[in-house]
């Protein structure tokens, strides 16, 4: 009886092993929650699979976590949006080459009524100063994601040492963009978000875009192959194929074609030498 | 999975993404429960029947491990299976196998602790007879486990329930990859972060319904078997 | 066949058997009688090896081949026949034993669903499956109706006739009369009187034995 049960258990585990072996033709891409939550990958990957026949398995984490995953060798390609972090990754020898892919922008989200008058500020730095001075509730992702890195940079540029100046109005939640928006929605707070996730977010509640358009809110995405010299098992040929497609005219066209309610979320700029 | 439909619509129209998620959730959690049973039942039986110094401490520890935080287990398994980790050469991070392993670790203490209690209680009842019949230790374990089989199935279902309900471990070791490692709970987490709260709740109800069905089937099986063997 | 030599069994501060010396010889059944707590069950369990004497020793003539039927036997959750087979016997011997105890018709029924009288007989069949030299029975008919009691007593007689030594305890003096070759009266962990059956019942030698036979409460 016991022997029979053990055999069945063993078969069950083995049965799962077989499909894994059959899926060798695939790559693992460590990316951000914004590319997942906005629905971009859901749209792009079927197009890519139809063209090339192999699977792209996306693990969506924050930028910092995605880069760490790649450093550990658990991904073949990394696709994130924090240039300073990406450059560091390259300098450490974990990446081969950084290719710019697309950009969009960050937007400052807050209660539609904008009780703090934040939207009247002439730029994002003034807006952040207003939030700090009036101690308006603000949600930070606090997770070393691209958005979080950008947020910290902006506080610094506004002359605010946020680690010092934070009080109970500043809530660092350590989670993804969706969670941050849910929290902001529930507590009528301000939050910095990428436009892609904002447009596709379905629980906006009483929130709306309070300020946008400042050049400092520019948000660039880059893609890198994980260095096979550091991690020999990396699928460099398939990974490079994916990267090549993202920056190809075809891939760039597909990225531009992704819209929500007629609005384009991501703007391809692989050809831009300054990106 | 389309965004603006309700979970009920997805069920009724047979949405393939939903069915893939349900299928994976069942395979992962049931496999984990079976693996945990293969380890936990003999372990619980052995503890039930042996006496050694520190036995009480072992039992307390086992009971406490029923409350292992899933996210911690997930993290440890992740670090072990990472390419940079000791078992990296297996290459199974971000696959269903990793999810089964993490959940099996989570569930084994539950099944072991419940088995120990069940078998210890039964041993009290059977001790005189089995001793008088001079039944050796291995056969004793087999007899007790077989006679306790219905209670042990309940322990197995408790383990399955725990596995099916958790998200912390599977999301870390599985990566919530669409089409490959997305289960019911990780899909609910994802829909929540996309703001699709009604869909997330709907999926939650589907998950609960599935667990109820599994339990109902087990109950029916148990009733039928009990009727046959007393 | 079995010798108790100055056997004391104490559990904590309670003394169950007090320097008990008894010789159990082959032949007709030995029946233990006495009030509750006299030590009857303890003698049987000690002889069965389920308890160790605190002092003194229990000696066997040759290898102890023994089996016991408890007052409330525990059946495994399987059929009656399977319970007998559990004692490591083949299908043929199982059928034989079930016939001996009159349970052949219930072979495939779940054992735990049998009546208490039937379960007692099944326990007897299972004990006999061990092919014992000595069969211990602890108040085998205590909770049974007269018909079941007769059935069990008939089997005991049959078993004894086949040469198996029966050592049993009972509360029923009538049963003791019916079955005993030798009677042992126990009280407070000691032997009050041990004698061949007819002599004991007709003319008990000790005062306590006489009072016990007269139906008085021995305290």
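A, B and C label the chains in the order they appear, each numbered from 1.
Simple rule for what comes next: a contact is a pair of C-beta atoms (placed from the backbone, for glycine too) under 8 Å apart; a residue touches a chain by one contact, two chains touch by 3 or more.
If you're wondering where the values come from, they're calculated on a predicted model, not measured in any experiment.
K.L.:
Farthest from chain A in C-alpha centre terms, which chain would that be?
P.N.:
For chain A, the chain whose C-alpha mean is farthest off is C.
K.L.:
Using the touch rule from the top, work out which pair, B-C or A-B, shares more C-beta pairs.
P.N.:
Comparing B-C with A-B, the pair joined by more C-beta contacts is A-B.
K.L.:
Need the CA-centroid distance for the pair chain A / chain C, whole Å please.
P.N.:
The mean C-alpha positions of chain A and chain C differ by 80 Å.
K.L.:
Nearest whole angstrom, what separates the Cα centre of chain B from the Cα centre of chain C?
P.N.:
Chain B and chain C have C-alpha centres separated by 48 Å.
K.L.:
Please compute the C-alpha centroid of chain A, do the same for chain B, then give the distance between them in whole Å.
P.N.:
33
K.L.:
Identify all positions of chain B at which a residue touches two or more other chains, and write them in rising order.
P.N.:
Counting only residues that touch two or more other chains, chain B contributes 146.
K.L.:
Any idea which chain B residues touch chain C in the complex?
P.N.:
Touch residues, chain B against chain C: 125-126, 128-129, 131-133, 143, 146-147, 228-230.
K.L.:
Touching residues of chain C toward chain B in the complex: what are they?
P.N.:
Contact set of chain C toward chain B: 48, 50, 67-68, 70, 73-74, 76-79, 86-87, 109-113, 126, 130.
K.L.:
Which residues, counting only chain B, touch chain A once they are in their complex?
P.N.:
Those in contact with chain A are residues 3-4, 27, 30-31, 34-35, 37-38, 42, 82-85, 88, 91-97, 100, 142, 145-146, 175-180, 190, 192-197.
K.L.:
Would you mind writing out the residues of chain A in touch with chain B in their complex?
P.N.:
Touch residues, chain A against chain B: 1-2, 5-6, 8-9, 12-13, 16-17, 19-20, 23, 28, 33, 36-37, 39, 41-42, 45, 55, 57-60, 71-74, 175-179, 181-182, 185, 200-204, 231, 233.
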